[in-house]
Amino acid sequence: MLRLILYRLFYGLLTLFVVSLVVFAATQALPSDPAQAILGREAADPARLAALREQLNLDQPLALQYWSWLSGVAVLDFGTSLSGGMPVSELLGPRVQASLTLMLVTAVIAAPIAMAIGAFAALRRDRRFDHTSSMATLVLAAVPEFAVGIAGILLLSTGGLKLLPAVYAGSSTEVLANPDQLVLPVLTLAIAVSPPIIRMMRASMIEVLESEYVQQARLKGLPERTVIWRHAAPNAIGPVAQVIALQLGWLAGGVVAIEFLFNFPGIGKALMDAIEARNLPVIQAVALLIAAVYVLVNLIADVVGLAANPKVRVSSR
Amino acid sequence: MSTADTASGAAPAAPVRRPGLLRTAWRFHRTKIGVVLAGAVLLVAAAGPFLSPFSPTEGAGMPNSASAAGTLFGTDEVGRDVFSRFLHGGYTLVTIAVASALAGVAAGAVFGIVAGYLRNWADELIMRTNDMLLAFPQLVLALLLLSILGPKVWLIVAIIALSHANRVARVTREATLKVVEQDFVKSAEAIGVPRWRIMAAEILPNITSPLLVELGLRITYSVGTIATLSFLGMGLQPPQADWGLMINEGRTAITIQPWAVVLPVTAVAVLTIGANLITDGLSRASIGIDRGVEK
Amino acid sequence: MTGSEENADTGAAAGRGGTALRVDDLAVVGHPSEVEIISGVSLTLERGHILGLVGESGSGKTTLGLSLLAHCKRATEVSHGTIEVSGNALTGLGEKEVRRLRGRAVAYIPQSPASALNPALRLRTQLTEALHEWDEQERGPRADRVREVLREVALPDDDAFLARYPHQLSGGQQQRVAIAMAFAGYPDVIVMDEPTTGLDVTTQAHVLQTIRSMTRDYGTAGVYISHDMAVVADLADDIAVMYKGEVVERGAAARVLAEPEHPYTRRLLRAVPLLRTEGHPEPEELPEAPVLELSGVQAGYGRTIVLRDIDLEVRRGECVALLGESGSGKTTLSRSVAGLHTQFSGGMVFDGEVLARSSYRRTPEQRRRVQYIFQNPYEALNPRKRVRELILAPYTHLAGKPKDPDAVVARALERAALPASYAARYPEQLSGGERQRVSIARAISTSPDLLICDEITSALDVSVQAEIVELLRNLQDGGMALLFVTHNIALVSNIAQKVAVLNKGEIVEHGHVGEVMARPRHGYTRALIADTPDFELSLPPSDADLQAPEAAGQ
Amino acid sequence: GSGSGGGSGAGGGRLRVGVAGGSSNDTVDAHNPTDNPDIARVYNLYAGLCRFAADFSIEMALAESLEPNDKADVWTATLKEGLTFHDGSPVDADALIFTLKRITDPDKPGTSAQQLATMKRDELKKVDDRTVEIPFEEGYVTFKELCSEYAMGLVPEGYDPENPVGAGPFAFSEFTKGERSLFTSFDDFWDGRPKIDEVEIINFADESARVNALVSGEVDAIAQVPHSQIEVIESNESLQIMESESGMWLPFTMRVDSEPFDDEKVRQAFRLIVDRQGMIDQALNGHGLIGNDVYGRFDPFYDEELPQREQDIKQARKLLKEAGYEDDLEVELVTGPINAGAEAAAQVFKEQAKQAGVTVKLKRVTSEEFYGDNYLKWTFAQDFWSARHYLSQTAQGSYPGAPFNETHWEDEEWIEVVDKARAETDDAEREKLVQQAMKIEYERGGYIIWGFPSMIDGVSKKVKGFEPSVVGHPLGGYNFRSVTIEA
């Protein structure tokens, strides 16, 4: 078990290393020179351009640039933002927190609800609730998440019921201070991540309910509640954990559009800004962070999956 | 086979001629509904450009009026006819979505089957690469590449197909592993049937069901990703008429001119729902072949 | 509340003797076809007795067994009749009331405990919950009862064992846990659905012994479902024979076995392979050189060595049986010969030529002449191809494109005793036996010289098994050599001329069937022979019954 | 919700303003603002010697007077008496000298450094506590205009942008890059304490997020309403649009030194091709002032007498024919999302040019690419300029040595006139010279200036006191001093 976890951890790190290579290569290939991007119209002054280039280490060989960047990353020093001149980690710190808060709140709300809906649909298989929920998940999965967000804004904020703030208008350091401003983004993200979880939970629950050990539990005369909660649910959750991880991983990237839509000061918005400004260190850091979240979430899902499976947990030590 | 055969065979229960996959699928209501929905959207996308009253870029009236004279659904934020843009804008999105989904599923299926069947270094290589690609945030990758190479159609297709391929490869490999364990594959190996033929003729037909489900899902995700890219300004570029772009351009004025958003969103949703219903029906039908409770 | 008290009362009051189970005119229908899966079934069972319920696969045994717990599988339903378990009428009860009876009045032991025990729960949990509303004051702590019942099934009762998960047990242990779980709550009736199918003979003997003593000690009535006459003969007091959803014959075990009335019963009895330790024809040495000759073969997976020093010969027209328990390396050996397992060393000569390890390295001619048939007929045929294609594709690959493909298919099917019309079928439209015959047809279509059969009958019920054995015998008469892999010692004595006994990767005994059966030298062989249920057939063999299954139903 | 804190009596409360843009580049440095939110902040944290009034005229701010000598090569600034910075330190000659030196610091030049290149940095002279003499290498008549720019705010000695202190109407309180900032009213502002207590400036990268914030009441006012959203706001009873004419311009740029625009006739023909009102209607939804190919629209010297140039296809064709092009002229127009309306204008131009037999091919680039290596090299392109007075603008875009001479304009006669104007301290004389220069550009310049887009802001009706201003910055030049919020 421990060895398996270490093995996964190793692959996670390897993955991050490759991601870092790709990200670095990709950002190097961005057209137009960051120095120029910073100066904009003023880049017409060659002296200023050259000075800035030197200041940014852009005149060094690529391998050296990569190495100095990577060795910084290892100690969570992502370099200095090309614009504003502050350390990237300082710049992104509150944003990472804000995004993680958003993701966690979403996960904490969406995952249990989605699983409950899926499980209930499985228990009500082929009845009204099942049909309604599967149709609804299909429709929601079919609409791009930002469209869901736009609809949410229209319905709950600017158009129909004027219940909630339409956009986030606060600071990244105190995200939880304005809970009402979080409602719409969280709702949108929750709707975006839920359909696959609901589907998977339903499918996996149906499979488990059809299994012989659940039938045997029923034949043992156990009350239905015990059958479902003790015998069926724990076995159904294993495969769902993977999907939840996948969805949370998606969330790490998917927040981009939602943060953009809701003006939420998270890493997604930081990424869009950075791409626009050709702010390489920030792009690199964000891409790497998102990948890291993904790797981490998957690692956790793997561990949960392993832990939930006594076959692995007990036998392979 | 010939009727003579059936007649001569003394078997008491002559086998009912099994309807093909398509016909079996057609028996499900959902398939029919799916075909109608998806078909309608495809029709709009394909025939739309020939039916549109205006060119997609010409001005047809004052901007953002939901009921400009001479237009069916009013004008957009620069006074172009919303309906004409809607009719013109499906073609690109549908083509890109379907092309990238097909390419992704095809590539993923190939990789998945090869990895699942050969189970040697190729498997390791493919799956490890896959894991890494999987860990690479899809949207971030798309944004990066698009900002490097510029928003080109082939690039959008390639990126989306790639991100599909590794997910499909995973699913395919899982499905393949189940099939590979079965003895009919070994049986072909025992008589030396070439590996590629085994993959094509023995394995592929047995994993069509999960592949079809994937295809439906992939079309959904393609549409979503394309629309999101357009939304973030990295997809198709204005003034092109495109559903994803229309949603983005129209959303600012949605309260006074909802059609510019409602039409493309509906079309996109209907298309993906239709596609999912069809593939769902197909996959149910192809699972049915395995079950065969017919007495 | 009252339900359980009453129930406990009846359980205690019933004591020995008295009727435990009464089924009257029961019918179960399946939706949506509305076919009656079982119809007009009536049974009674005394306390302390065991009823053997036999019948071929699909005859409705499980359906009947489950209906005794008022449980119907998906899309089935009791349409008619009554069931009474120790005085409680089951039919017409609501789901809640039924649940109060399950596990108390009537318990169930499933066919495969591996899939019926919850993989995520410890044994302690699963055993304890079987005790339900256990009155600790009156009956002592639950934990004590759990330990007691474990001891009764000859399993350890320590905490470490109770903390185990199902996957940490062997198949036999799992099966005994399932038995313990059913017996824990002192039920009046216990339904056992083929509880020994997955076990080897030694373990099977042990489990049967446990069941026998438990029913005796508790006075519980048992319904033992099986298609293996030999096992039932060993265990049951009464026997009911099911055929196509009906009980066609019912009576005391001795009577049914000695004087079967229904033709199907007779057929079933005759199909049981008999363990013959005597009466084999005298060995006659064949002069020819062997078709297949193995010398000093050693094989393994990675660094583990599975087979050591294997010497074996197969001659034309001869059937060599390879006998051994599960995991002894039988499949590894036969796959090596077939070119599917390449990690081996040693000599392998086929008709004078050395065989390459991988089938891909062998000449097309060699591939044609050595054919392999797989254990599981449900997996050996590609479900997406028609029989015609299934036979033609390998034929075309090995022998080239035939001029008249229909003739090739027809001939192959005919040799496998299948009607030509089956060419148009998909595998799912065939029964297990028919599928296996298609596999055989496919293998013999190219007229091979050596046929390797890897446990080809173990997934089939005995009546089908008999047909396959018959077919193989005919092929052998046509000059084909057979390497017949099995763990069923009774089968060996019926089909093979020679036998090699494999134990832990080594051949421990090798010789003519007659010699080995009559005078087993190795302890392992002796144990095998001893554990195989003894079954004396007292009626004369009749070909009419065997060959006309349809006639049996009328 | 968190609005009306501390302030008592009439007014008070917190004004929340949504502005476009914002990034990690954001700063509150007085002399290096980068984008819209920065400009908004600088306007409110700092005050300069002078400022532009709503009509673009210049009024004294911290300075009591700012006067040139005869040759305009030495300017004397006298500060008002008794003024202090936010931290209580005096607004004095030392602060002014520190400020001017800081702006022109060669290691870290401020936004206006270029325009102060001729200032004799080391010869700034403190006459007394309130008076400074500022010498230049040559006459600099437009220095007063420069001193009215937002990036010329006075800062005290030892100024540190991390903890910014100025003399503007609001004092620094909180700031998060790319997100928001919060300022509080400065009681001792020279023009009187603002009526509100606090102003919060919130960045919105996305236009509709900005509008949604206004509609749902997250903010009280937003800058730069996109044209498509005007109706959204107008249709809302509690909101209103504030439209300000401005001197911003969105020209087509023709390089006068390369084919085909090296021929004056072609330039004239192109200017005649444009249907100016049509372009304003389509590209700016009608929100703009018509242009007459002359910039400096709100310069007090702007020549209103020049005849308005109208579309004249016939004449254009004639001129093209004379230049040797008969229906076969093909040009490539470089366009991109450099400003709202730019791309639309390019598309409209393409259609209009067709009528004159000119084929315009649009080359669409990103704004990074536009301002990338080829910027200032495009033969036929577009650009966006903010409002300036005429002579200040020539120093940026047309005069020899100007950093952004995109049309490669080098007309000798014009240079002579402008040279004279730059040395002329008499306003009336200078007006004549400026108008002469304008006329030359009107006749043969390389710009097609078809219009001046208006500034459109959205304001909640609760908020009173915003005044339209032509300076070309939103919300009356981010002027929150006189604003009040109704409860």
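Note that the chains are named A, B, C and D in the order they appear, and that numbering of residues resets to 1 at the start of each chain.
Everything that follows uses one rule, which is that a contact is a pair of C-beta atoms (placed from the backbone, for glycine too) under 8 Å apart; a residue touches a chain by one contact, two chains touch by 3 or more.
Chain identities (UniProt): A, B = ABC transporter permease; C = ABC transporter ATP-binding protein.
This one's a predicted model, so the numbers in the text were calculated from it and none came from an experiment.
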Chain at maximum distance from subunit A (ABC transporter permease), centres defined as averaged CA atoms: C
Comparison of A-B and A-C by number of C-beta pairs in contact, larger one: A-B
Between the Cα centroids of subunit A (ABC transporter permease) and subunit B (ABC transporter permease) the separation in whole angstrom comes to 24
Subunit A (ABC transporter permease)-subunit C separation of Cα centroids, rounded to whole Å: 51
Nearest whole angstrom, what separates the Cα centre of subunit C from the Cα centre of subunit D? 90
Centroid from C-alpha atoms only, then distance subunit B (ABC transporter permease) to subunit D, rounded to Å. What do you get? 50
Residue ranges of subunit D touching at least 2 other chains are none
Multi-partner residues of subunit B (ABC transporter permease) (at least 2 other chains): 150, 251, 255
Residues in subunit C with touches to at least two other chains are numbered none
What are all the touching pairs of chains? A-B, A-C, A-D, B-C, B-D
Of subunit A (ABC transporter permease), residues touching subunit D in the complex: 31-32, 36-38, 40-45, 81, 83-84, 86, 91, 94, 153, 157-158, 162, 164-167, 169-173, 181, 260-263, 265, 269-270, 272-274, 276-279, 282
Within the complex, which stretch of subunit A (ABC transporter permease) touches subunit C? 210-213, 215-224, 226, 230-231, 234-235, 308-311, 314-315
List the residues on subunit B (ABC transporter permease) that touch subunit D in their complex, please. 57, 59, 63-64, 77-79, 150, 237-239, 249, 251-253, 255-256
Enumerate the contact residues on subunit C facing subunit B (ABC transporter permease) in the complex. 33, 35, 338-340, 359-360, 362, 364, 367-368, 371-372, 374-376, 379-385, 388, 393-394, 397-398, 406, 419-426, 428-429, 439, 442, 550
State the interface residues of subunit A (ABC transporter permease) toward subunit B (ABC transporter permease) in the complex, per the touch definition above. 11-12, 14-16, 18-19, 22-23, 26-27, 29-31, 138-139, 141-147, 150, 154, 158-159, 249-250, 252-254, 256-257, 260-261, 271-272, 275, 283, 286-287, 290-291, 294-295, 298
